[in-house]
Amino acid sequence: MVILGPNRYGKAETRVVRVTRHGDAHHIKDLNVSTSLSGDMEEVHLSGDNAAVLATDTQKNTVYAFARKHGIGAIEDFALLLARHFVDSQPTIHHARVAIEEYAWERNAEAGHSFVRSGRETRICVAHYDGTRAWVVSGLTGLVVLNTTNSEFWGYIKDEYTTLPETRDRILATAVDATWRHAVPDPGEAADWDKSYDAARQALLAAFAGTYSLSLQQTLYAMGSRVLADCPGVCEVRLSLPNRHHFLVDLSPFGLDNDGEVYFAADRPYGLIEGTVLREDAPDAGPAWS
Amino acid sequence: MVILGPNRYGKAETRVVRVTRHGDAHHIKDLNVSTSLSGDMEEVHLSGDNAAVLATDTQKNTVYAFARKHGIGAIEDFALLLARHFVDSQPTIHHARVAIEEYAWERNAEAGHSFVRSGRETRICVAHYDGTRAWVVSGLTGLVVLNTTNSEFWGYIKDEYTTLPETRDRILATAVDATWRHAVPDPGEAADWDKSYDAARQALLAAFAGTYSLSLQQTLYAMGSRVLADCPGVCEVRLSLPNRHHFLVDLSPFGLDNDGEVYFAADRPYGLIEGTVLREDAPDAGPAWS
Amino acid sequence: MVILGPNRYGKAETRVVRVTRHGDAHHIKDLNVSTSLSGDMEEVHLSGDNAAVLATDTQKNTVYAFARKHGIGAIEDFALLLARHFVDSQPTIHHARVAIEEYAWERNAEAGHSFVRSGRETRICVAHYDGTRAWVVSGLTGLVVLNTTNSEFWGYIKDEYTTLPETRDRILATAVDATWRHAVPDPGEAADWDKSYDAARQALLAAFAGTYSLSLQQTLYAMGSRVLADCPGVCEVRLSLPNRHHFLVDLSPFGLDNDGEVYFAADRPYGLIEGTVLREDAPDAGPAWS
Amino acid sequence: MVILGPNRYGKAETRVVRVTRHGDAHHIKDLNVSTSLSGDMEEVHLSGDNAAVLATDTQKNTVYAFARKHGIGAIEDFALLLARHFVDSQPTIHHARVAIEEYAWERNAEAGHSFVRSGRETRICVAHYDGTRAWVVSGLTGLVVLNTTNSEFWGYIKDEYTTLPETRDRILATAVDATWRHAVPDPGEAADWDKSYDAARQALLAAFAGTYSLSLQQTLYAMGSRVLADCPGVCEVRLSLPNRHHFLVDLSPFGLDNDGEVYFAADRPYGLIEGTVLREDAPDAGPAWS
């Protein structure tokens, strides 16, 4: 007997740019919005009857219409707004997931209408809503950081396949993917998402710079802990840290020493350290991470 | 009180090519192997003490050494072999996850030593082992398919944001990402992984071609069901199907009709249909999908 | 005194899919078309006066309208058709360049309406037309090939920075980017473009497999020569061959030999061999390669 | 009669990171170096005799050794240093091309050893040397800019395939790829490359922001002219500007106006404007752009 398991459907990567004009000083929000809905979807899978389906094209239209009607503030607010709308307005939709990426722009000189894309990390969020409760995860991706020193790696297991020499000084570099769960998603405190984001980002950077590292796991834990320490509303942090290996080049064949000066930045393979740091009393995550 | 939650670490994307030479007829296996280990990792996170850590560099070495010692048959077997080794040989490692991608090559003419990369979909697998039990998921990614007809879409909800016209004939195209869980991963029946893969791939293609589709969800369910029908060892199928929209171009401004002849292949946004089809009596998935 | 130098403008990457239905047997052509025009463009650069400009949006529309009106046969014919149209219909446009990529699809089983993208190399062409003469270059990109033996590399310069050991047996692998210029582009012989493409592709594969290689340059020259030998209409071949290094893994620390069995497929850096092979009496290339 | 035409070979994408430590204040240079050599290469192509070949592996080693011996200042200097070395030290090498990309990093807070990759545009250069003369092109890629207003597009040709409505106000956005040729590459004025780069970058940004645009061509010409005006050593500028279309979304079906507030950021197709701005008395470019 074959049955339908978990499922969802939606419109992925709706690219919306919202311009706000205050006289000559313009502001832009540049987002990539992905919506996913679940609900009474047995029939559409079994017979193709679409009566319960809010078309993905309609979801896209809603993103654009809401950008016009409500403006776009913090992406967490916009995600919640959309998620609540889909579930509350459609009897057949019982759960919505809205994921948003935001690309940062900076002003191009003093011109109020001209912008340069900053290229720094992408801010992200995922909001879930089930008709009663909401969950919000915030985060960032692609924050590339590097320490030229204060990193060691030694004392690990030596088995028959181990050849790596221990080191008391190495480059430590990674591209931070970090997401953090808010204990109480309350769209009423809208003004706080941006502040919370800045604090979390700052905590990640400060912990990366400030940790004398004996392993990337130690750095990961320090980064997660710092976010929890600096952001009271956050109850859980998840980090995925690729170890962007920088290998010291052996220059001895050329009669040259290399005391931490010339490195080869390798692509693959790479170490990948994934971990979670959370408060002991963090509420149940529910669907937050899905 | 802050605590360490779920974590794992390993070496991602070890690229190994294994050549086997039977006289003039050579064979190649071209893999991308990612290993992840978990276990007694409190200390490395809290203090940077690496005594429990099998270095990711060692994991990489093991992949290469095992490719030499054991050869590479079906990727599921190679993944299980590695996963068992890490857990069984290291007291501090309690769980291993090994994910493998395989790139297909075809013979270049009759030359026994010359090959052309096929470019078709990538075969994948993920094996878990916890010291006692094993779980195996197989799959493929990037199988791009298109039907020029036998696809309709109508009867969906019309709300105030709906503008999409109903259609009784459209192109249906997707890039299939499919993974399927085996009920009983038994490395003893090694010869079966390849047969099972071919049957599942064939089932996906046949169901896509053979389903008269009223929605991509219906097609998804038909594809999943067909895999279950044709592969007795499989108990659950997960599918992620981006709807690669092909929009009929409006040529009426140029005095031309367009009765299903000229389409614009769009990039973003795209519909994304995700779903699971499983046997009612499928055993618990455990960590299989993580 | 500042002046305007060479310039062109156009619509890049118009994605067009053309379906032809012969009863139940459908056919598809899947193209990515980029058009570039040049002509009386001083004013648009200096003052922004667009009187001489055929909008890039119009160029896109033309691609779609022509796909409907004329169908799509060989991409070289479609490129020439478009190039001639832009120059011949617009007094201000004196030169057109049309570049096309074609993605190959195969039938999905016996179903006349169902297709699988083959994933093999992309066929490409570039056509130029200046109101009088036309030039056509055909080619392919992303044809990945590998020989497990019959490749050596030794006898090269040894300077103070040379550490590479000589080898009498190595893997030779590359991703072929090849383009070839036709001596006489005659749209009248439309039927021949496909035959010529198949012959050139086959020549590249056969020469790669059949050349016992002492250097990738030697293989490159053999591939180019073979295309010229097998395709009488071709007068010049350009090849760009990245050397996709496969390094033999040193397994001696693990007490294992490695006699050509286990390789590491490296990403960067990579050798890059670029070269041209042509007939001594090849006509002047004009703008063909630009 | 088949002959060998233009050719070159080298090592592409050697990734080198150079650390300089002044007490606690560290500095890093993060480069991607590609070298290409030409010379007496008939034999290697015809017979595979490598006697004239400086192995690409040796070229890579040289990059690392030079980074140690000479340090890395402006990338133009490092490129010239390498190019001169290859030609001057090897009798069989008559021409060298060295292309470098540089990734920018910023300090992570006050920590002297911690850095964040800035993510902004990539600085590039290409140096050529033929044993007597040198040529240097500098540039940048991936500088993404957007104006929310001060852009119109009207007055273009209307032919039978034109449907685009004229507009008196639109978003203008592009990802600037710009390269500029120096009239006199003199490695003696090393200190000037960085100043010249900053001036050119600033000129591009200022001209983009400051030009009231009637077409992207006009903006392109203004950008190129401004670089020439602000950088006396530069004699020619080449720009490639994809028109990153932002389409105003039609919200009228939802009873909403949209007076320049909500835009859809499109991917493909896109306009592509390419052009050259140069001094009338610019010296011959020779191989500079190849």
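Each chain gets a letter, A, B, C and D, in the order it is written, and its residues are counted from 1.
Operating definition for what follows: contacts are C-beta pairs under 8 Å (C-beta built on N, C-alpha and C of every residue); 3 or more make two chains touch, one makes a residue touch a chain.
The shown structure was predicted, so the numbers you read here are calculated from the model rather than taken from an experiment.
Listed by label, the chains that touch chain B and also chain C are A, D.
In this structure chain A contacts its sequence twin chain D using mostly the same residue numbers, the overlap exceeding half. When the contact pairs of A-B are matched by residue number against C-D, A-C or B-C, over half are shared only with C-D. Chain centres here are Cα averages; for chain C and chain D they lie 23 Å apart.
Between the Cα centres of chain B and chain D there is a gap of 38 Å.
We define each chain's centre as the mean of its Cα atoms; on that basis chain A and chain D are separated by 30 Å. Chain A has residues 15, 61, 65, 161, 163, 253-254, 267-268 in contact with two or more other chains. Chain contacts here are complete: no pair of chains fails to touch. Residue ranges of chain B in contact with chain A, taken from their complex: 1-15, 34, 36, 41, 44-58, 60-62, 65, 89-90, 92, 153-157, 159, 161-164, 213-218, 220-221, 224-225, 228-229, 236, 238, 242-243, 268-281. Those residues of chain B lying in contact with chain C across their complex are 15-21, 26, 28, 30, 61, 64-65, 67-69, 105, 108-109, 111, 113-121, 142-150, 171, 205-206, 208-210, 246, 249, 251, 253-254, 256, 258, 260-267.
Chain C makes touch with chain A in their complex at residues 160-161, 163, 253-254, 267-268.
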